[in-house]
Structure formats: C-alpha cells, structure tokens
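Dropping the structures in below, format is structure tokens.
In what comes next, subunit A is part of two complexes: it sits with subunit B in the first one and with subunit C in the second one.
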Partner chain A sequence: MIRYAASKILWGVVVIWGTATVAFVVLRVVPGNPLTLILQGTPTTPQLVHAIDSQFHLNDSILVQYFLYLNALLHGNLGVSIANGQSVGSQIFAVLPATLQLVATATIFGGVLGLALGLVASWTRFRWLDRLIGASNVVLTSIPAFWAGLILLTFFSFSLGWFPAAGNNGFRSIVLPTISLSLPVIAIVAQLIRDAMKEVLLEPYVLAARAKGLSESTVRLRHALRNALGPALTAVGVIVGSLITGAVVVEQVFAREGIGALALRAITEKDFPMVQGVVLVVAAGYVVTNIVTEIVHALVDPRIR
Partner chain B sequence: MDEALLLDHVAAPASAPTPPASAVARRRKGWRATASFVRHHPLLVLSFAFLALVVVASLAPGLLAPYAPDTAVLNALQQGPSASHWFGTDQLGRDVLSRVVYGTQITLIMGILSTLLAATVGGLVGLVAGYTGGILDTVLMRVSEILLAFPGILLALAIVAAAGPNERDLILAVGIAAMPTYAKLMRNQVHAIRERTYIEASISTGARRRTIMFGHLLPNAYSSLLGLATLGVGINILAGSSLSFLGLGPPPPSPEWGAMVADSAGQIATSWWMALFPGLAIVLTVLAVSVVGQWLRARVDLRSGERAA
Partner chain C sequence: MRIKSSAFPVTRRKKRPGSLAATLVASAALLVGGVVSASSTASATTPVKGGTVTYDMELAPQCADPEVSPQFTTYQLARPVVDSLVASSDGKTYKPWLATKWTVSANAEHYTFFLRKGVTFSDGTPFNAAAVKYNFDRIVAPATKSEYASSLMGPYESTTIINPYEVEVNFKSGFNSFLFAASTPNLGIQSPTALKKNPPCSAPVGSGPFVITQFNAQTGATLTNRPTYAWDPGTVTNKGAAYLSTLVFNFVPTDATRVGSLTSGQATIIEAPPATDVATLEKEGYNVIHQPQPGGVYDMYISALHAPWNTLDGRLALRDALNVPGMIKALYDGVYQPAWSPIAANTPDFDPAVVNSWSQNVKESDKLLATLGYTKRDAAGYLENKAGKELDITLVSVDSREQRQELALLIKQEEAKAGINVTISTNETTGIADIYDGGFGITASAHVEASPDVLRQLYDSADVPDSGGLNYGLFKSAQLDTWLNEATASINPATQKTLYDDVQEYVVKNAVSIPLYQELTLNAASTKLKGLTFDATGYVQYYDAYLAS
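And then the complex of A and B:
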C-alpha cells in the first residue's frame, strides 16, 4: 500500500512539474514578450525597463529563466504580481478557501443527490422512472453552469428574494452557486451508480445473498452498492478537478471572491505571474484530489493495488 | 395514405407466393420503416430535426432571422418578447432572436473545429503510442495525463492573457484541452487491436509500419473515436461558450451565445429574456448533439461487438 501511494505521489510531483513547464512555455511562446505586456499603457523609462528586466531576468536566456523559475517554485515562491507588486502566493491563498468551500459543497451536494437518483433508477420497478432519470441526466450535462446560475438568480434572488444575488457571506450566499456548479455532478454520479448497480446485481454473490434470505435493501445497500461505488469514486477525482475550473465561471456569475475572480482580474491586467500562479495552484489541486481518490479507492478495493 | 396504397396493401398477401416488389410497395415499406423509427426514437428524430435547423441557421442565417444581428433600434430598448420581437430586444435595441440565429455559425464552427483538432491530433498520438508501445507509449501517455491535469479554462486563460480575446485562440485552447481524451481512447483501442491475428499476419508478411498503422489499425479503431467526437462537439460547445461568457471569446458585437448571456448579466433582474434565449440555444444544441452522439456510439459499439464475436 505504501509503495502504491508513494508511486502515485511521485507521479503527481511529475505532473505538477509538467504543468509548471507548460504554463512557463505558453506564457512565453505566445505573441508579445512579457516586457511589452507589463509596460502596456504605462509610460516607459529606461529605469523602469531595467527594473522589470532584472526582476524577471528577461535579459537571461530562456533556459536560465526557466531554471530560476523552477528554483523559486521549489522554495514555494510563486513570484510577484505585476499589477500590485504583492506576492502572488499570498494573494492566491487568501482567496483559495472561498473557492475550495464552493467546490466542496458542490461535490457533496452533487454526489449525495446523484447517489440517491442512481439508486432509485437502478431499484425502481417502473421503466419510465428509470428512463426519466436517464433523460434528465443528459439534460443536466447539457446546461452551461453560467446560464444555470443566471436563471437561478432570476427566480430565487430577484423574483422570490430567497437568496442573496452576490457575494460570499454565510450559508445563504453559497446555496445558488452550489446548485449551478453541481448539476453535471448529479448527472454523472447518478448515471455511474445506476449502470454499476445494474451490472453488480447480476453477480453470483448477489444471488447468494438473496438465496440466504437477506432483505432486498440489505442486498442492495450493503452488498451491491459497496461494489458499485468504485467507478463513481474514481470519477470524483476528475469531477473535483473540473469543478475547480467550473468555479471560475460560477464565481463570476455570483460575484464571489475566489480563484476565478483573481484569475480573470489577472488577465485583464495582463498580470502574467499571477496567471501562472493560479494555473499552477489549480493544477496542483487537481493532482492532489486525484491522488487522494486513487489512494482511497485502493483502500476500499484492495484489488487495485 | 391514398386509395391505391390501401388496395395494394390488401391485395398483396393474396398474390403470387413471391411477388416482385413493386415500386409502390417498396416505397411503402420505406415509409413504414421510417414511421416506426420515428415512433421508437422520438427524441432522436427531434434532435436530428433541431440539428438540421441549426445547420440551416449557420449556413443561411438571413433565411431565419427577421432582422439584422447588429441593427440597433433606439426606440425598442430592452423590450420583452412580443409578436414583432419573439425573443425580445437587448439593451441596444437589437433583436435577440436574430442575434441568436446569427450566433449559430460561430458556435457550430467553434464546436466542430475544436473537436476536429482534438480528434485528429489526439487520435494520431494515440495511434502512434498504441502501435509503437514501449518508452514512446509511456512518454506520450504521461504527457497526455499532464495535459489532462492542466485545466482547460486556465489553458485558455494563459493563451488569451497574452494574445487577447479572439475566436481562433479560443478554438485552439478548447481543442488542446480536449486532445488527451482522444489520445487515450485511441491508444487503448489500438492496443487491443494490435494483438489480433490479421495485424500479426501483416507484420509477418513484411508490411510497412505506415501501412499497418493507417491501412489496418486506423480503419478498425476509428469508429469509437467517431462516437466520442460527436459527443465531443457538444462538450466543446459548452466549454467554448463558457470561455466566451468570461470574455475570452470573439470580441463584441459578436453574437456568440455565451457572450450574449454575459452581456445580459447586468440586466438579468429586469430583462430575463436576454439571458434565457441564448442560453436555451446552447442547452438545446448540446442536448441534440448528445442524443445523436449517444445513439451513434451505441450503434458503433453494437457493430464492433458483432465483429468481435
């Protein structure tokens, strides 16, 4: 188990290094060198150019720049924001909890509702109910989160006044963002659970459990479900990753403070160290959730190791 | 159904044991098959019909749109849906329906081109990795995983941060973000196929690598890629319109659907129609593409299942 976990973690480090490299390359091969980006709109003096050159090592070769960048990363230094001269890392970590909170509530809400719907779809005697859930899954995955958010806002904030329209203060302000972010999660989890349950229920050990005279709910919830959880559990890793990027959009809709707002501001301000930092932190979050779900999966199902 | 058809229908069983199929009978059989198809797949037929409408709108928007997409009418600002403006007007007095119709082309091009890019490059990478195996396979697949960890939106953010919002880079970003999925699928398909006897046979007869890859492996592996690509068009439309919503797509006054929704965000409390209709267009298009894609994929799976058996 330790060997398995260690290999996963090592691989995770490689992925993060790769992402850092991609971010570094993308921000340097795109048209317009960083210097002109930084100086856009500001009156240029030789001193200013020199100051920026020395801060970002723009006079060194690209390879030297790359190693300086990696070296700084190893020391936990994400660089300094061009827009306000403050540390990129501290600005990101100041808003990260808000985004993580949203991602967590969306994962839990979507996971639980998806699990319930998937169980109902696999359990029901009525074909139409199973089909209805299947159809609504397709619909749910076709709805863009930003639109769902705006429609929810129109009804529940502006017409009914149940929830605040913007900001992050308290439970009520996170309800609508959570729902709009979790729609595809509900659909994906429901579909995975349903399909896995249908498959698992054909296994001989289910027949054995039934033959033993166990009640149907015991057979399904204690025996079948445990084995049907695998695919959904693996998917959660990928889902959480996509939710972090989905949060960028939802934060914009609900004017919430978070990684998304930070990234968008960085773009409009052409603050490339900030963009680089956000990309890296989000990728790291994706990698860490995937490692954790893989290890949890291996703990639940020893056959994986 | 007219009289002659009915008569023919009644008379048919009584005639000679193997009557030569008349043109009418054949046509009727075709018609009946179609009718039964429509009855059994109502959702699929509806999706096809909607997609046909979408294609018409993208090729000849002037046919469907009642007004020009960017004519501002100053005495018709932010009006709700009415007989003259079915989807209402926006804050500049532009007809929302016309803008949605004219936006179809951008959306469709975005979805299709990015998918084409992802499926072609991803498929090629998967083909080479799956056939060659060894270190190249490991490296290519690991790189795919890194790309998969690089969140799509942030890839676009990184590109747009430097290049400024535009449609070409948006397509590029969405396409690159989708690539690893295709590479992985293709690689696994090829990996499974290359153990078959006919591949072994052609290797042992000295066929060139290129012949084996493009003549034998690709034709047998591409069908599942096709199914995924159809679904992929829908997924990429969602991704692209999200980026466009964030202001990373074609600049205004482009009637791109995501951008239209973003334009309306400030007015949502008073003018719901400005956000509702372009969003609905996204949902329905993606839905139609998904339904068709799932049907295609099920068919492909069925066929390859038969072939394998």
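And then the complex of A and C:
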C-alpha cells in the first residue's frame, strides 16, 4: 500500500513539474518580448524595468531563468503580482479557503444527494421513478453553473428573498452557490451509483448473501454498495478538480471571494505571475485530489493495489 | 509616470474584466434609455438621518489605496473616507476643505495651503502639515509604486512645513492643475500612522464622513458614519455628520446579479446596469442616472509612423470619410454624445468653436488621396497607388464594452466607401504590443479627468507611452508643445483658456486625432435614495445622500 501511495505521489510531483514547465514556456513563447508583455503598456520607469528584469532574470539565458524559476517554486515563492506588487502566494492563499469551502460543500452536498438518488433509482420498483432520475441526471449535467446560479438567484434571492444575492457572509450566502456548483456532481454520482448497483446486484456473492437470509437493506447497503462505490469515487476525484474551475464562474455570479475571481481578474489584466500561480495551485489541487481518491479507492477495493 | 490608456489592460482608475483595453472611462455598456439629470435625483424633502445604502459596484479594487491604484472603483471607495485639501464640483472653481485658504505663486511653482485646525483622522491621530507632507512625499516615492496619483503630482519637488497648519508645495516647473489634482481622492490626505502601520493596498484611513469598518478586497466594504465629522467640503449643502448611518459597497461583477439585487431591494443603487435592462428599469420607476464625464473623449489616435497617414492630407482624408455624429446616433441613440474636441464639453476650457467644424466629405477625401497618388481602385474597390500598393490602415480596437467593436465596424464600412481598407485588430496580445511599439495605424481610447491638462498628456511630444504618457499617435509638434507647456505653467485663467483653445483648434484642424464620443457614468438607483450629488469627474458622492422614509 505504501509503495502504491508513494508511486502515485511521485507521479503527482511529475505532473506539477510539467505544469510549471508549461506555464513557464507559455510565458516565453507568446509573441512579443516578455518585458513588453509583462508591462502591458504600464507606464515604464527605469525602476520598474529593473524590478521586472531582476524578478524574471530576463538578462540571463532561458535555461538559467528556468532553473531559477524552479528553485523559487521549490522554496514556495510564486513571485509578485504585476497588478499590485504584492506576493502572489499570499494573495492566493488568502482566498483559497473560501474556494475550498465552496468546493467542499458542493462535493459533500452533491455526493450525498447523488448517492441517495442513485440508491433510490436502483432500488425502486417504479420504473418511472428510475427513468425520471435518469432524465434529471442528463438535465443536471447539461446546465451550465452560470445559468443555474442565475435561475436560483432569481427564485430564491430576488423573488423569495431567502438567501442573499452576493457576498461571503455566513451560512445563508453559501447555500445557492453550493447548489449551483453541485448539480453535475449530483447527476454523475447518481448515475454511476445506479448503474454500478444494478450490475453488482447480479453478482453471485449478492445471491449468496441473499441466500444466507440477510435483509435486503443489508445486502444492498453493506455488500453491494461497497463494490458499487468505486466508479463514483473515481468520478468524484476528477469532478472535484473541475469544480475548482466551475467555482470561477459561480464566484462571479454570486460575487464571492475566491480563487476564481482572482484568476479571472489576473487573466483579463494579463497578470502573468498571478495566472502562473493560480494555474500551479489549481494543478496541485487536481493532483492532490486524484492521489487522495486513488488511495481511498485502493483502501475500499483491495484489488486495485 | 502618468496615466494608462484604454488601449492598455490597466485602466486609469477603472478596470473592467472582459475588456482588455482598460480605460479611464466611465461605465460599462448601457446604450439605451433617456438621460435623467443629476438634479432630478435630489429632492425638496427634508433629509432623514440614519439608514443603510447598499451600492453594488461592477469591479473589485485591485488595490484599495487611492495613492497607488488608478482604478475608479478605488476612487469611489476612497471618496467618502478620505478628505482632500480642496473641493470642486466642476473642475473650475475650488472650495475650502481641509485647507481653509491657499495662495499660488505667479509662476504656479509654489502652492501655500493654510490647514484647518481640529481635524482628526478616524484613528484619532491629528491632521496637520506633517500629514500633508507625508502623503505627498509618499505618493512620489518609487517604493509606493503609485500608478496614477504620482502623475497627478506633476513636476513635484517638495513639501515644506512652514508651521503645523501651513504647508508650501513646490514644483520644479509651473504646474497649474495642482488644485484639480489636490481635489481628487487620489491626493486625499490619509492618516500617516495608518499608512505606516498597515500593509500595502489596505483600505484607506482618512478624516472623511465615513470610516471603513470592514473590508474584503474581493467582495466589498462596510462604511460607517463618523458622528463627529465637522469639516465638510464647501461644495455640499449638508453640514456636520453625513445623514446615512451605513454605506455598504459590494463588488458584484455579474450584471444580472446587480440588476436583480436592485429590483429585489437588496441594493439601493447599482453601477453600470446593462443596456438591455436600462429601459425596463426606467419603466419600473428606478432612477437611471447618466452623468457626463470630463476629460479626454473616446478618440482615435492616428500613428505618426506610417505613410500616408503621417501627412496632413492623409489624416484629413481619413476623417473626411467619416460621418461621426451619424455613427454615434445610430449606435447609441442619444445616450452617448458625439465629440468634436479631444476633450469633452464639460471639461474646463472646452472650446465650443470646434463644434461642427468638420463633417463627412467623401469627395474631398478622394481629392486628397489623389494628391497622395492613390487614384485607381482595385478589384475589391480599395484605392491603390501606381506601384499597386493598396491603401490600408490597421485599427486597433480590443475593447468590447460600450459597443466599441460595433463602432469599429461602422468606421471600417465608411472608410471602405472612400477606398480605404481598414483592418480591425482585436487580437489582444498583438494589439497591445502594436500600440506599445507605435506599430498600429489607429488606436482609440478615452481618458476621464476634470482638467484640460489631459491635453498635455495626450499631445505633448514628451508624453509618449514609453515615458508613461498618453500620446499614442507619437505626434510631434513644436507649436503644440509650446502652447501646452505655457498653459501648464500659467495661473491666468484667460491665458489658459486662449492656449487650450489654440490647442483644441490645432488638433482638430490638423486631424491629429478623430474624436468619436463623450464618456459618461451610469447608475440605477431606488427612488428612495435622495440627495445624490456628483463630483467633477462624474462619480456619486454620498455626503448629502439620505433615504426618504
């Protein structure tokens, strides 16, 4: 198990290194000289040029620049934002908890609701209910978070006034963003659980469990579900990564604090160090969730190891 | 360093996501609906004390320190919190504020301010000459990395403390727009104690009628009434503390969320409602307030680097092909007004003589282009010279707000009729690099500022983008330089007026740039909100504001 985990972590480090390299290369291959791109028409002064030269080591060879950049990354230094001269790392980590909170609530809410719906769909005797849940899953995965957010706002904030439209103030302000972000999680988890349950229930060991006279709920929840969870768990690992991306949009609609708003602003303002920092942190988020999922998956299902 | 252009990603005082080309401009899209004058939002009823006004703004500030940030969001956030030495509601006349009176030397190199006594910052520290000196010295210090306030300081040399309530601000050369500069929140006086203690870009601590009690750089700020406030600017009717007990500023980038917040009563006033909602909001009884903005209009700067557009005939031919008032009317239906001068009609020293001083004349354009050797049309209908070179020009138009891309297309169509092939470059990266290197044919931007000094930044040959200026066309004229520098150094209003008139007439006569439309700010407010006033730059002020019961 330790060997398995170590190999996954090593692979994760390689992926992050690759992302860092791509982020580095992209900044250097886009047209124009990096200084011009970094300045983006910002009024130039000798001090500013010097500051940027020394920050990016523009007078050194590309290879030297690359190793200096990797060295800075290893020391946890993500550079300085061009837009406001403050540390990229501190700005990202100041808002990261807000995004992680949203992603976590959306994952838990979506996972639990999806699990429940998937079980209902696989358990029910009513075919129409199974079909209804299946159809809803299709709809839920196709609704863009942006649109879902606006619809939820229109009903539950603008008309009913139950939840605030904007901001990060307390529990009520996270309800609608969580729902908008979790829709695809609900749908995917529900569908995967339903399909896996249907399959697993045909396995001989389920027959054996039933033959032992175990109750239907014990058979389903204790024996079948454990084996049916695998695909859903893997999917959640992948989805959590994409939820960080989805949070970019949701944070805009609900005017929430978070890495999404930071990224969007950095992109529109061509704040390269900030974009680079956000890309790396998001990539690291993907890698970490994937490693965690794979390890959890291996714990749940020993065949994986 | 001076200002930023709308051609560039960093806006002067205002940044808008989604539009690369930042700008100093007013507001977002909104192109429908009638104009409600500012006075119509004021009311004859007696002001009521108390209540909370929630203002949903479009953008979050990148840096909340007005001495650093060029953003209009920061400007608006700082205004209720930071007082300035002087106040102005028109950019022409100045009233006492933190300075009770002032004198200006004949060469405009020395300004002496006599400071109000008994003023304290909200952190309890006193306002005095040392505070003024600390702020001005800090703005120009390279370590501050000021992106706008430092340009407002002009040729600043030093501040001398004459006594605790008297300072002399000295300039290396005559600088007559310093009173305007001193009236902005960017040069407002912040608590030196707070500036030294707080990290860079923190929310400002000033002596204003409101105090920032909660601030989140991404989501918003809460401003609380300062009941002991007793040093109101001379431009307002209220005396003493402000009426509202709380001001909440939310940064809400999504248009639909702002509009929904207004109509559901969660916001009292919102910035930049989208064009599609303006008519509905008006119909539902909301006050939609268009406030014209002074300074540089949305203007097309023609590069002085490319033939034949670097000749007078070439530039005139380019302008003669266009029906500017027609295009602006067709596109904006009366909301945005066409521009005739490089500065807006409400800018001090605007020259009315240039209004209607040119009009579309395709025949004249043909004649001028013929003299430049462009006589025959190619298969596509564009003019070419004897060597077979097609008559073309690149228009860099990277900004999508205010229907600027549609405007660029209209320009392309009209120029095509005159045989000129306009290529529109919307590629942000190339566009920016092109502008930066002066490699473009035409680029357009606007530069809001309540002072005719913006003309110097736009046309002085020393103010090219490389040195932080706004002269994108890289136009050079010794005559213009002389007038602009004389105007900057003069404190005689009549002399200034004559010189700025000369400049505007020269720019128009020589088609140095082609003015398109005048900027404005747009807000939509609940009718309960009364007593809104606007500063010289067209931004909302809350000192006189109150909620009708």
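Basically, the second predicted complex is superposed on the first by the 298 of 305 C-alpha atoms of A that agree within 3 Å, B and C clash if a C-alpha of one lies under 4 Å from a C-alpha of the other, contacts with A are read in each partner's own complex, and residues count from 1 in each chain.
As a working rule, a residue touches a chain if its C-beta (ideal position, glycine included) is under 8 Å from a C-beta of that chain, and two chains touch if they have at least 3 such contacts.
Not measured: the values here are computed from a predicted model.
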Practice prompt. Would you mind checking whether subunit B and subunit C clash or fit side by side on subunit A after the superposition?
Written response: clash
Worksheet item: In the superposed arrangement, does A:158 touch subunit B (first), subunit C (second), both or neither?
Response: both
Worksheet item: What is the contact status of A:69 with respect to subunit B (first) and subunit C (second): first, second, both, or neither?
Response: neither
Discussion item. Taking the superposition on A as described, I'd like to know which of subunit B and subunit C A:150 touches: first, second, both or neither.
Written reply: both
Discussion item. After the superposition on A, what does A:84 contact: first (subunit B), second (subunit C), both or neither?
Written reply: second
Discussion item. By the touch definition at the top of the document, which applies to A:287: first (subunit B), second (subunit C), both, or neither?
Written reply: first
Worksheet item: Which holds for A:278: it touches subunit B only (first), subunit C only (second), both, or neither?
Response: first
Item to complete: Check the residue A:139 against both partner chains and state whether it touches subunit B (first), subunit C (second), both, or neither.
Response: first
Practice prompt. With the two complexes superposed on chain A, say which partner A:258 touches: subunit B (first), subunit C (second), both, or neither.
Written response: second
Response to the item:
After superposition on chain A, the subunit A residues reached by both subunit B and subunit C are 30-32, 37, 150, 153-154, 158, 165, 252-253, 264, 270
Worksheet item: Taking the complex as given, what residues does subunit C use to touch subunit A?
Response: 1-5, 7-10, 15-20, 22, 56, 60, 62-63, 68-69, 142, 145, 147, 151, 200-201, 216, 218-220, 250-254, 256-257, 260-261, 263-264, 266, 428-430, 432-433, 435-437, 465-469
Worksheet entry | Complex contacts: residues of subunit A adjacent to subunit B | 14-16, 18-19, 22-23, 26-27, 30-32, 37, 135, 138-139, 141-147, 150-151, 153-154, 158, 165, 241-242, 244-245, 248-249, 252-253, 263-264, 266-267, 270, 272, 275-276, 278-279, 282-283, 286-287, 290
Worksheet entry | Contact footprint of subunit C on subunit A as seen in their complex | 30-32, 36-37, 39-45, 47, 83-86, 95, 150, 153-154, 157-159, 161, 164-168, 252-258, 261-262, 264-265, 268-270
Worksheet entry | Touching residues (chain side subunit B, partner subunit A) in the complex | 43, 142-143, 145-147, 149-155, 157-163, 234, 238, 241-242, 245-248, 258, 261-262, 264-265, 268-269, 272, 275-276, 279, 282-284, 286-287, 290-291, 294
